Amino acid sequence: MTPVMNEAELQEFLIAAYPQIFDMYPGFSITHIAPGEVNVTMETDHRHIRAGGTISGPTIFSLADMGGYACVLSHIGGEALAVTTNLNLNFMRKADPGPIFAKCRILKLGKRLMVFDAEITGTGSDEMVAHATGTYAIPPRTGG
Amino acid sequence: MTPVMNEAELQEFLIAAYPQIFDMYPGFSITHIAPGEVNVTMETDHRHIRAGGTISGPTIFSLADMGGYACVLSHIGGEALAVTTNLNLNFMRKADPGPIFAKCRILKLGKRLMVFDAEITGTGSDEMVAHATGTYAIPPRTGG
Amino acid sequence: MTPVMNEAELQEFLIAAYPQIFDMYPGFSITHIAPGEVNVTMETDHRHIRAGGTISGPTIFSLADMGGYACVLSHIGGEALAVTTNLNLNFMRKADPGPIFAKCRILKLGKRLMVFDAEITGTGSDEMVAHATGTYAIPPRTGG
Amino acid sequence: MTPVMNEAELQEFLIAAYPQIFDMYPGFSITHIAPGEVNVTMETDHRHIRAGGTISGPTIFSLADMGGYACVLSHIGGEALAVTTNLNLNFMRKADPGPIFAKCRILKLGKRLMVFDAEITGTGSDEMVAHATGTYAIPPRTGG
């Protein structure tokens, strides 16, 4: 399970391939890549905060899902056309406005499925805000 | 399991209590309430479409989660301060741009937990795009 | 989504291929097969009842998982070497000793993944005891 | 999050309160308790092995579920009448016959819900066989 891109290479790839991610998720950034591990983070603004002043569920879903996609891309390469097939989220605590962080771990990198989990934390506390596990399906590559 | 609000009453409640929902999710609408059942729908625009022209995962998560919240509110009342504790999503097919629909069903309405599932469909096909099951925790009411 | 075996054919196949199922799960039976639908049932004895006199979680897990496998076999054929990759269970109510029933539905039958859900009911009430969603991975067939 | 029982105390409690666990799951043992952490293990015999010679899904479900219950009991006490409300399992690899191990972690210990995850490993490899996340509901204690 050896990464094929480092943090700067994956960041550059995402900016070129998916510029709209950075509109929706300002400050989205790959902060760590190691064998089987990827950390990502993002800022939050009024679009990510819901009534009551806490970070919204869809924002946490998005960070976990993008973290899983970063696991696939960093370990298989930018040509991977993977799609999320399952994502299970447990929400444990409210997250105050501010940056949020996902510490992702590849549980299995098969030829056809990548399984990962993600620990989501927020600002001002080390306690986990949410936990996710998910599966990406990896289409067979049309040879060349 | 008898609803305490009808479609128009819940719609009005949401507009008054959570106006920002209608900015993020244009056309969000309660289309059906019956004992143990709630259907919701929303329009989609460029913010909900990802590269490749399909409706994004966070958008589907949002519709399922709001459907679950509509289950709680319609069957307990607007004073319910319920929070999502778990949401599990299976993504089955791509959804073309256009309105999306969630057909939600209450699997259990306990004093402290509400469990539901949701069938998500899109435009142009009856086939399910995604399936969700989730749990809302219902805080004890401070008596009056 | 057309079944390739009927109830009697799948029952006979399982008895021949997996006789130990009928030791562990007495009375395991395929009661209904239709396009995208399979119902299964089993008896329960002291091995399936836990302290307090209710049917155990592993028993419910087993029925849901075997229901999913019956979905694969009945719609693809007995040569399918599918394996469970994900199973998510919500437990809603206690189930009294007696037969239990799973009403399974295929949500997606792809070339490589089969997604299903299952409504589990027990004896003496129509209310759902548990709800499951799961995924089976279907290996490519080695041609011939 | 301070444990209220150590390994020997919880083992003794389980033997007295749930003797049938040790019939179904031979060698079930609490091997580690620390703040927010509980490890459990069990032996496997012909009842836990399925066709093909690998440990069955229900056996893995059981170990994860008992690990979660051990998290509750060790951190709240033997009077806790907690019940599983949700369990999500990802199966990653086959497990050879032999002892299996669950490394459980409490993600949240609230007044009414305990959320945990579990890493399941088998014999002969450090690689994870399965990963579980689950929720136990903790009934209010009738005061005294």
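Order of writing sets the chain letters: A, B, C and D. Residues in each chain are counted from 1.
Heads up, the rule we're going with is that contacts are C-beta pairs under 8 Å (C-beta built on N, C-alpha and C of every residue); 3 or more make two chains touch, one makes a residue touch a chain.
The model shown is predicted, which means the values in this text are computed figures rather than measured ones.
Asker: Count the touching C-beta pairs: is B-D or A-B ahead?
Answerer: More contacting C-beta pairs are found at A-B.
Asker: Going by average Cα coordinates, which chain is farthest removed from subunit C?
Answerer: Farthest from subunit C by mean C-alpha position: A.
Asker: How many angstrom between the C-alpha centroids of subunit C and subunit B?
Answerer: For subunit B versus subunit C, the centre distance works out to 29 Å.
Asker: Taking the mean of the CA coordinates per chain, how far is subunit B from subunit D in Å?
Answerer: Once rounded, the distance between the two centres reads 33 Å.
Asker: How many angstrom lie between the centres of subunit A and subunit B, each centre taken as the mean Cα position?
Answerer: Centres of subunit A and subunit B (C-alpha means) sit 24 Å apart.
Asker: Provide the list of subunit C residues touching at least two other chains, using ranges where the numbers run on.
Answerer: Correct list: 85-86, 88, 90, 115, 135.
Asker: Tell me, which parts of subunit A touch subunit B in their complex?
Answerer: For this pair, the touching residues of subunit A are 17-18, 20, 24, 47, 50-51, 57-59, 61-62, 65, 83-91.
Asker: Across the complex, what residues on subunit C touch subunit A?
Answerer: 85-86, 88, 112-113, 115, 135, 137
Asker: Per the contact definition, I'd like the list of subunit B residues that touch subunit C in the complex.
Answerer: 88, 90, 92-93, 107-108, 115, 117, 128, 131, 133, 135
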